[in-house]
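Sending over a structure as structure tokens; questions will come in a sec.
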């Protein structure tokens, strides 16, 4: 009988707390979004699974000696996993469209207004009882507006690790929701005529430009914003490996096995931050609300910037591509293309939208660097 | 001359101890089994090599600062390597046959009697002078009967790290010997008529069943046996990645590069536990003997359970597939198929034996969890 | 304004030191050599990039908590990365040519004179003011003559970590320069007649020989030089995985993804040692000079040994293949082949030069072991 | 040996508790498969993949030696061209 | 709430400084692309890959159903051999 | 400079000991290859892979433009079918 009692006391049923059950359901919700809805499944599946594991009573996944504990402290607390992901993303990114039409960098810049406006909004939320965001917290939340997962995880792990789970959930959920969030905003801010605008074909870009571009970006980051060099540096390393053409085996590995391995563990590690204490509170609701605001403002700023540029530009600019400035590569560019096609079946904006899209990645890495420099100290 | 003396004193020849030489021969024996006999070469080759390296005098592979020391403490002492392997095995496992014929889970349950009977036997061995197994030791030894390498390594690293080497050697050796150990037992316990039994074709299994199954297994483990969730959880994560169909690149990496990398280091790390002090003693002989007993009892229980079920079942059950309940995937299922074919050339049992085979993996993970819960505390 | 001041103070421009700028230019130089000149790009590209990153002011890549800090201390300080690379190189190496013509081992031995002569030279450089090499430093520098990158990094990390950056730069640069350094020396030391010598076709080598060879090499290293067993052991493990034919999936992973991942991080980690304090001094100039001397002496010794052997050998030996004894696999063998073809368009030395070439790898690993045993204590 | 006896009792208890638990656990899993999964399978059947007369194609190509129609078309074209170039078979 | 006001001022300053900086940074990048990269592109144009009448081939093969000349050559040989072996068409 | 001299002596000793050792080590390896490996090669020769007239096939296919027999068979079938379908060459 002693054994049976011991066995019963060692069951989950005898030890569950309500918060753990709720968080497991949250984890199941993330799995549902990942599997049934194909919402960013590469990260949400391991993240949802990690959320379930971390909330198992007794098992101690996230306590000293537990698997998720090791993963979190080795890979996320150190910033190593997001940086490896960023290297892989860099190795997957083709800056050709951006170099061919550099003006689109301004769209990537404008869309970052989503970040800074959200920062303001996060501070305003302090009026709500139960919410108390420091400037660091607010900065980590605001980066959701950058629509870039690894950037958000990296910044949150540095500025507000206790909010990391909620921030990552919000960032990836809204990234997956881009095809739903963006089109109404894009349509509301543009006229039918504007959406019909066809753009000039892009010029071909030479190999030397593509090789020097990441180095130029890195140099500028070094000169003006060293705090962004971890993110930008690893991104540029990946891109240089890709474009140099002399280390194809490293580039291929960075784009495939290495990023895959890291993604599994990054997802598990982020999921391990979805504990009841850290997630089940008013602040999480605030973060989710702010995330939606951030994406909307970012989209709007990008579109409005593109409208303005179209007025002054020699070559026509379809305002829709401004929405791609929030990054969320390549989904946002595809959304711009789709909305454009709806207005004009001959209007192929995909390549033109890739410019602001990758500009948005740089833009939000720069914004993250600014926040680290000014708030992180 | 001084240099020459120093050089001589730094040779292996001047520093060998007998135990080290014997253990190197053991390592060579494992390499021989792996290469010439194809005995579980994926693990026995690196394990044998690790055994050689760890016994090199002066080189200090397993001392602080040595390569095997890092590997062991980072990957095995923490349990990370066996868990990654388990995730990869999960990503390789198709539960279709089990879902189509869930009764076979009982065969996987019955075969675990090999584990618990061995536990009893290990305690009995304490009558032998020179052997003194605690209940923890006995539990770690008993898990050999689970016929599942990573489970055995995981449990031994938690309950009896000093026996890890001998346990891993026994587990993998007997797993490789399954085609030799099992057939006589299977034939002794069945009649020619029973072996000829053909089974009904399995029904097709839908995608939703395959997706929900790992989640259901995980939930049950959480409810009833949290101590098994590291093993079962990672296994189910791998299986979910496989069946969900939305993260194929993660699943592929888990089944290939990630499991390969981990296997190399797991083998080396386990080999590093094959030092003379830990291996050259009566206890190792006891472990080897108990391992053989464990496999035999597990096989017999599985077959006898299948015989019994066949008597009460509507659809005929060939008792041979009970032997596959020990796990040792997919070897034991192949053995069942082969013995079946010998009795009846039209009798293809492979798919039917895969059910108890994967049930055995779950069964031994559950058994490991019970031992951890009751003995590990 | 406060923010703007803070932002300005957080720029790189406000914090640059001259040494950092120079070292970034050195990093750019390495990138140039890697990309535009294809000089050992697999290592020089990440190394050059690491050199840039480590010299960014404020960013703190190589300080506690920085990415390169983690990489260096986890992978290079421990010796793990070079050993994994060595395993991969072992899995890529075919010892067939060496086994078919074992005499070529003597060429691999002779070429190591480049190492030991350079050790003497490094001590002699202590006469130069500003240079003060201990015997450990001199040994770490001398190993450049081994023309084997991972061996040099491994030894330098053990004997003279503060010189690691300069040693790695020298080793890889000269390895890339082998097609320029070697031919004049080879031509100066051989007659036109000698270069025309055609060699007997190599006998086929059986599988069993290829399997036992790495084990034999390991056993001899254990007997006579345990301090070389980390390098030789991992090399032989890789080779055994290759030749055994039973673990092809491990061998393939060791030759591809695992070595690629490790190469990226090894390069970054080595680059992180290219700080201004460690690199911008007279000692670096001395190391670069000694490296050139080492390669030249190694080449010359190999050729002279081959000349001598040709006089006493029954079968003709083309002295050019002696130059391949420095290792730098497979470049040095190709150089021998090319110079041979220039003298005699029917003279295909590639396979014959592979013997001394891989012998050179063993030779320099042995030399590294000797230095570790006699100087490292 | 009082100690041994106690150990045997413990081992025996473990054996009993363990086997009961394993059977219970896997038994519940059977129930889970037969109820939850079975219902799910009915509610969410796999989409039926319309093989758009793939079977036909397969059997016909098999009858003709496993050459796919695409290859046949390609070869037919090639043979025509060959003849045109070489002026044969006219 | 003095504290809140101060936080708003800080947040506002951050917003201003941040947006100015982001635009300045990406703006300089535009200049970089339009000057440095543009000049490099002129100085080091991509090597022109001579398509050795690939265009011709392509169009011709398209006209004839997308069969490459190499395949045609192979098939021609095969047809010849087939005839030789079977003694047809003589 | 007494210290320098001592260092030179050490370096010289290292050079001597090192080169002797390297030659001895690799020399013994030669002996190992010539004795142990050579004997093993005789005792365990590689299984002779019967190339089932692969050599013939190779040379014949080379003579006919490197088309494998399988492809020829496939094409032969295709040609036959083509004729059957088009009623030519009868």
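Lettered A, B, C, D, E and F in written order, each chain numbered from 1.
Everything below uses one rule, namely that a contact is a pair of C-beta atoms (placed from the backbone, for glycine too) under 8 Å apart; a residue touches a chain by one contact, two chains touch by 3 or more.
Bear in mind the structure is a predicted one, so any value in this text is a computation, not a measurement.
Peer 1: Which chain is most remote from chain F in terms of Cα centres?
Peer 2: It is A whose centre lies farthest from that of chain F.
Peer 1: Thinking of A-E, which of B-F, B-D or A-D forms a repeat of its interface, with over half the contact pairs identical?
Peer 2: B-D
Peer 1: Between A-E and B-F, name the chain pair that shares the greater number of C-beta pairs in contact.
Peer 2: Counting C-beta pairs in contact for A-E and B-F gives the edge to A-E.
Peer 1: Just the number, please: Cα centre separation of chain A and chain C in whole Å.
Peer 2: Taking the average C-alpha coordinate of chain A and of chain C, the gap between them is 41 Å.
Peer 1: Could you state the distance in Å from the CA-based centre of chain C to that of chain D?
Peer 2: 49
Peer 1: If you average the Cα atoms of chain C and of chain F to get two centres, how far apart are those centres in Å?
Peer 2: Distance between chain centres, rounded to whole Å: 25 Å.
Peer 1: Going by the touch rule set out above, which residues of chain D reach two or more other chains?
Peer 2: Touching at least two other chains: 14, 17, 21, 75, 79, 89.
Peer 1: Residues of chain B that touch two or more other chains: which are they?
Peer 2: As it turns out, chain B has residues touching two or more other chains at 3, 7, 224-225, 257, 370, 374.
Peer 1: Under the touch definition given earlier, write down the residues of chain C that touch chain A in their complex.
Peer 2: Contact set of chain C toward chain A: 3, 6-7, 10-13, 15, 24, 28, 31, 34-35, 38, 41-42, 45-46, 49, 52-53, 56-59, 61, 65-67, 70, 256-257, 260-261, 263-264, 268.
Peer 1: Given the complex with chain A, which residues does chain E contribute to the contact?
Peer 2: 4, 7-8, 10-12, 14-15, 17-19, 21-23, 25-30, 32-34, 36-37, 40-41, 43-46
Peer 1: Spell out the residues on chain B that touch chain F in their complex, using ranges where they run on.
Peer 2: Residue positions touching the partner: 2-4, 7.
Peer 1: Which residues of chain E touch chain C once you look at their complex with the stated criterion?
Peer 2: 13-14, 16-17, 21
Peer 1: Quick check: in the complex, which residue numbers of chain A touch chain C?
Peer 2: 78-80, 83, 87, 211, 215, 218, 222-227, 229-230, 233-234, 237, 240-241, 244-247, 249-250, 252-254, 257-258, 370, 373-374, 377
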